[in-house]
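Each chain gets a letter, A, B, C and D, in the order it is written, and its residues are counted from 1.
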Amino acid sequence: MATEVKSLNEECGIFGVWNDPEAAKRTYFGLHSLQHRGQEGAGIVVRQENGQLLGHKGMGLLADVFSRPEALDTLVGTSAIGHVRYGTAGSHGIENIQPLLFHYLDGDVAMAHNGNLTNAVSSRRVLEKSGATFQSNSDTEVLMHLIQRQKEATFVERLKASLNQIKGGFAYLILTKDALYAALDPNGFRPLSIGQLENGSFVVASETCALDVVGARFVQDVKPGQLVQIDDNGMSITNYTNQTQLAVCSMEYIYFARPDSNIYGVNVHLARQRMGYQLAKENPIDVDIVVGVPNSSLSAASGVALALNVPNEMGLIKNQYSSRTFIQPTQELREQGVKMKLSALKAVVDGKNVALVDDSIVRGTTSKYIVKMLKTAGAKSVHLMISSPPLKYPCFYGIDIEHTRELMAANHSVEEMRAMIGADSLHFLSLPGLIKAIDLKHNAPNEGLCVAYFDGNYPTPLYDYAADFEAPKTADERVLSATVEMEEV
Amino acid sequence: MATEVKSLNEECGIFGVWNDPEAAKRTYFGLHSLQHRGQEGAGIVVRQENGQLLGHKGMGLLADVFSRPEALDTLVGTSAIGHVRYGTAGSHGIENIQPLLFHYLDGDVAMAHNGNLTNAVSSRRVLEKSGATFQSNSDTEVLMHLIQRQKEATFVERLKASLNQIKGGFAYLILTKDALYAALDPNGFRPLSIGQLENGSFVVASETCALDVVGARFVQDVKPGQLVQIDDNGMSITNYTNQTQLAVCSMEYIYFARPDSNIYGVNVHLARQRMGYQLAKENPIDVDIVVGVPNSSLSAASGVALALNVPNEMGLIKNQYSSRTFIQPTQELREQGVKMKLSALKAVVDGKNVALVDDSIVRGTTSKYIVKMLKTAGAKSVHLMISSPPLKYPCFYGIDIEHTRELMAANHSVEEMRAMIGADSLHFLSLPGLIKAIDLKHNAPNEGLCVAYFDGNYPTPLYDYAADFEAPKTADERVLSATVEMEEV
Amino acid sequence: MATEVKSLNEECGIFGVWNDPEAAKRTYFGLHSLQHRGQEGAGIVVRQENGQLLGHKGMGLLADVFSRPEALDTLVGTSAIGHVRYGTAGSHGIENIQPLLFHYLDGDVAMAHNGNLTNAVSSRRVLEKSGATFQSNSDTEVLMHLIQRQKEATFVERLKASLNQIKGGFAYLILTKDALYAALDPNGFRPLSIGQLENGSFVVASETCALDVVGARFVQDVKPGQLVQIDDNGMSITNYTNQTQLAVCSMEYIYFARPDSNIYGVNVHLARQRMGYQLAKENPIDVDIVVGVPNSSLSAASGVALALNVPNEMGLIKNQYSSRTFIQPTQELREQGVKMKLSALKAVVDGKNVALVDDSIVRGTTSKYIVKMLKTAGAKSVHLMISSPPLKYPCFYGIDIEHTRELMAANHSVEEMRAMIGADSLHFLSLPGLIKAIDLKHNAPNEGLCVAYFDGNYPTPLYDYAADFEAPKTADERVLSATVEMEEV
Amino acid sequence: MATEVKSLNEECGIFGVWNDPEAAKRTYFGLHSLQHRGQEGAGIVVRQENGQLLGHKGMGLLADVFSRPEALDTLVGTSAIGHVRYGTAGSHGIENIQPLLFHYLDGDVAMAHNGNLTNAVSSRRVLEKSGATFQSNSDTEVLMHLIQRQKEATFVERLKASLNQIKGGFAYLILTKDALYAALDPNGFRPLSIGQLENGSFVVASETCALDVVGARFVQDVKPGQLVQIDDNGMSITNYTNQTQLAVCSMEYIYFARPDSNIYGVNVHLARQRMGYQLAKENPIDVDIVVGVPNSSLSAASGVALALNVPNEMGLIKNQYSSRTFIQPTQELREQGVKMKLSALKAVVDGKNVALVDDSIVRGTTSKYIVKMLKTAGAKSVHLMISSPPLKYPCFYGIDIEHTRELMAANHSVEEMRAMIGADSLHFLSLPGLIKAIDLKHNAPNEGLCVAYFDGNYPTPLYDYAADFEAPKTADERVLSATVEMEEV
């Protein structure tokens, strides 16, 4: 039960703008640059001139949801928020696509959320007992019901009180007829940045790459515990809590964010390059060439090549049209189907000892396949180098990492993993090496990073997940859980 | 404000079935026969085997919403409810399409509603103050929030308590993982009938025509104040209130229901035929032929012809494909555009004195156009005979009758109307004649009929509409309100 | 083989306009009123300002093909032709949807066709041997290839020479950069009428109802053997042959055309009414009420009622939304599925002796079902009255009548038919009665009507079908052919 | 006129398979890997079991054309050909999407074509005079009409005779009920390769990457002047002409083909890397980093970096979802719209002297924009290095290079170009350097390459284009042509 609720809002991108004549289009372009954060659904809500909110949302890529020009053209208004979403099996239903829209006689409210609340289920149980009615399975909605139950006089006060009642990782955008609000959790698990357009309007986005795309100047990152209010008087920032401690998600740096984004001032591409460099320094193996898995591991591969002082070669090609296909391969055509996404470049790898660089290993099936692909293409040996430590623990703050039972590194030794994948050797970046490479330098544990996926030390209590997490994993459970997963590629 | 909320659920059709292997398809076929009750949106929710509810809904005709077979195929389950809806301008947004779906940790609830609550706005205001959050602008949703706030131990008890708190006209279908509920308001304004399939399963539908189409035997009408519960133990019927008095909507008989439906045992076609007969008896005009406006007024026309003892001729043809067109005529082509729906049959009407029979006059623009069409086709004279009394007052119980200010008969004498429409004479059925023609014979005012649209005597307090209704209509208001309406044809 | 080619262009509607600023929309509205002539595909081609032709076509109703407004908006030009088509199994493929578009360096040509060529296969064989390449399976295309092979100097001369080489029933609209042409076969099997808009532009349409809808005044019917040319100099009419003899399809009057159309000056509705009258005069049965099958047999029913002097009652209701449904009933739901289209009105027929009026019997399955439906609704007896003679022979000129082997009347006596259908009695209009009722009064066999479906006397040689038609029908063939047909309802 | 016909078939990908139970899906996967060769339309035709051909085609990406699973599921058959197409303005109309399908009484023929015929217009003129009727504006169709007019006894003989009558660059796939044919022009301008599946079936594809993806082993390249016939007896290869001389399109190596494809044994990625290396050796500039324009110029950039011995950095990011967007930026949002595709990585380029590597300059607007983007991101200087010689002449063999008048290098000196683009320096690869880098080593002019785009020496007569090409370009024409072009990015 807890797991189901948990999974609904993970891996998302959010964008908002206030007082911009092109609000809906601006939001569209911003979301387009955040499409890598979620591809299963998208939506935009605008504040119309009469103060009412109007939205359009649907399943699929942003471009599919807005494939008919009139869909965007009907969203007339000068302020908007939008959302791209990573959906999970079991969350059928348009009602879970964001932004969520709430109607009140005194004005509508829309919410877009990136993150995961760790007390969503228990909060929801309390809320339902007190009469709350939910339109979705999403934990996002808990915040709205909390706001509605506060006794404070103003919306902002009720919002602040409510933000103090939710736990976990969250970056919220909230649109009303009066203002655009942005709020970040007390640990700053998820990135959220403010920019300003040339016309003076403020925008808020999950990553700085969206600011660049819409022509906005970076103003500042939203900080842990902050509430940003943007309205016709401009922007004001306050703290809804002072109990904060930075623990930004290290997976954003490792594989999730776009290379041209900066998170807390650290460029993602350079951080990855340093991870690769550090990885190779810790594991100075002897190979002929370095090959990164495109596109996510190309930055790390360049760092590995630099440290090993061997050429960084394009040994794998990614089909740039692979983001869309509706045709499922039959059993006979399965292997060809997987090849739709990646191809090995025989002319590059044939006869070579290859350092294959990838950013992480989840269940190991993709790695196994790529190693086989390279060997079929003639690689003499394939040494798999992972630019992060072994993934052993789930994330409860908004990244969709598998259950412990499905994580290869949670269940096998490195040597077992190497054998299962079929690599000639297997190397991981150390945890200290990761922290050093990201180089966040914040005065906090792990320099301000959350690395719980690697060491199990979660920076907050787990609330509703505490019991789930402690439960012993028996061999039987492993068997039961291994059946219905899809391929990761 | 009140008006906006009011308009959202008007003119709808609902259908439900419990424990039928073909639940979604059965509901589809049932709704298909109720399509005349609403063409702007449709939806079906099924109870899946695991108890969770899953829905599909969309804008447009039922056949459009389910144009991809997989849409219906994914609705796997043995119980379902569905809804066809008449949408109004201003209610954009998929969130207002029904059935509405509410999620709770202990189980989902779905609701489909036909009617209009007269205390929706005030109830909503109270609910919102106590923390309620609304997913739609629909008054339907009020009931769910009331249920959620009751203190009784069981869902049925909470439902009954809530039904006693809502006012107006309503026929609700409610689906949970445990049962299908049907509830009717204390005046029985809207029709609702129970049927039984050959396999023993029960179905509930807005009109008996839907029972026939799905192969169900008529069991009984749901009576005012009744709550029907259908579950795996069969059907049980209780009263949530005994303060009832039948006031079934006379407009259902006049133009809204399908001719092959029976409402409280009175067949709609025969009732219309009697209205026409009575109309002609009250107004024994001298004409050559009778022509009914297809399709809704053909029954009445046959009654007029019988009483006048002149031929009932097919002088107007309705294009059977006119239910769908997405192309808006330009100003130049407007008249041709209107002709897409109706054509005059010159060979029939040329040189004739015609009694044109229609069921009602709302704003009069359609009537004016049809009279012109007949005269252009050669009719020597056109005598407009309306098989109901002049429409002077709005409906607050679920039929979308215009505001008083737009109702032609509320603002003009019969002679003024005749002149504006361009008819040679104009005749209405008297109110006693209407009651006599429907012949409901129930021991209640107007024999159990609501005829408030004609005499302004509403059978219940108007609650939130009371102020609105009393407000004097000034000439200025008339001007303001006459601008944005679409053509009725 | 012959049969396959034959079937592709049957039952169609065509519309064309020259020099009208609203050409595409005008054609859309014209086709909309001809939708009853074909529902499986539609298309419009316009002549763009640069002289090139541009088209849009697709499967389904006109409103579906043009459901995105931009589809019509891109068809910019002042002249256009359009087509609605009755498709048959086996003719998958957008390439068979009309208008067909042919590209030449010196200018495009588009063709829309209603009819069937009896020498299409043999002509095609000769053409292919001489190098012709076909883009479709349609016989329509033969004319274009013939034109292209003529040696005459002008397009008109080549067209006339080609029209003399094709046989059968045809009404062609041809659009080039220079003119709109309309041509009718030497027997005038298919109707085709010319109208004129208020702006002086000429339109041509399959039926006069389309002229009314687009606001055009009726000018004249195209006569057998005529070629009409409409261009910037106005309209000119010539004869491409003088070997003509009117034999207009009697099935157009019986069931195919719209009641408000006039064909050769005879109104279709009145002709049907006279058919019913004559039918009842020939068969003065004793019944309580007359019930027509909606909508096609309502005119005939009124005539029957008049002659029998009993009430014409609305005992069957047609669902006005039945023109569209994509959901196929399962075996279990088949009967409910059929009920989606027609419902019996119990209140009308219960306890009555009913004269059920239908326009024709093809395979008899629909009749059987309707009789059962009325009896289930309580009819004491059902007497089936058919307002045309028994259908025994196929049509080779453009109406999709079944093969002889599927025609009930070709294989059974009237008494056998009655028993199979389950009616209490069965009556057909006589052939002389039909001719008298239509009352065309043309100085030609059968007063200018083609009645070959009833007597087998085809007014022309059958060319490619001659062998097919003579072939004896064995019992084995009957069995083989009875398998794949769909229900007629 | 010539130009219009010319443009229709340029830049395409083709795929065919014979005797494979998964023919349609195999073709889908093959085409998916060739999507980079054309994104504006796609289609697949299968040979059904009864020998008839059935196709599905549409506008947009392959995944869009086949977005409804039933589209592919209806293509049941064991042999198929498919096509992805680069469409050009002016070629609206589904009739130009391939494969083209031709119907004959004795069997259908389908054709898919990559290339451009230089005598299409004159051939078409002759064919039309002899009676030919064209279904498209495509030059592809000329071959079918030629075949149909030959007198030889067999299809193969007629095909061979016809292949000798068409001129230019072409790779044809032809499907009949009896065989799959592949034919290449006498100069082998376009690549075409044969592979074999594990089940023994043969496939033919534009590039070897498609063989890899569908699991086929490379068998051989189709050679100039060859006709390949694949049928139930296996594969046979003959020459339809011996007048051949290899002149494979150098632009395939430079930017068009996928890096993992091999053309005549030369890997595309390695060839590009050598181009970059040679470019830098010819122009040993002094910079801090090398940045390639993703994705097409990353191979060349790695060669440049190697030769210059400076780091090859990821200074530009390409949005992997940019292949689809239906939203056109407004004037105000234009610059943001362009940014949807590429972003500069400030952290990499800030303060650096950058060698920006691109594969070619067409009109120069993209280059200008990227240079500006890098400078805005802080680059101290940007030196644009083009890994091919200046593009001065159009291609007449199937690549869509602009008219001479739009080619920047055809109208400006290198220094003028540098100034217009805003680069600090501008360098091109020399023509001898290009030939050396590709290293085809064939015993023919330019080692077997066509390099006419650079030196104007076309390896064949230009036929219909001869006059066009000689025409002087006046300044006025330049102005006229510069108005309506879209951005290249």
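Quick note on the criterion: a residue touches a chain if its C-beta (ideal position, glycine included) is under 8 Å from a C-beta of that chain, and two chains touch if they have at least 3 such contacts.
According to UniProt, the chain labels map to these proteins: A, B, C, D = Amidophosphoribosyltransferase.
Not measured: the values here are computed from a predicted model.
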Chain B on chain C, rotation in degrees - Cα superposition, rounded to nearest 5: 180
Chain whose average C-alpha position is farthest from chain D's own: B
Approximate Å spacing (C-alpha centroids) for the pair chain A, chain D: 37
Rounded Å distance, chain A centre to chain B centre (Cα mean): 48
Chain A and chain C: spacing of chain centres that average the CA atoms, whole Å: 60
Residue numbers of chain B (touch at least two other chains): 68
Residues of chain C that touch chain D when the two form their complex: 1, 54-55, 74, 92-95, 101-106, 121, 124-125, 128, 130-137, 141, 144-145, 148-149
Residues of chain B that touch chain C when the two form their complex: 22, 25-26, 28-29, 32-33, 35-36, 39, 61-64, 66-69, 72, 209, 212-215, 258-260, 262, 267, 269-270, 295, 298-299, 302, 306, 311-314, 317-330, 332-333, 335-337, 339-340, 343-348
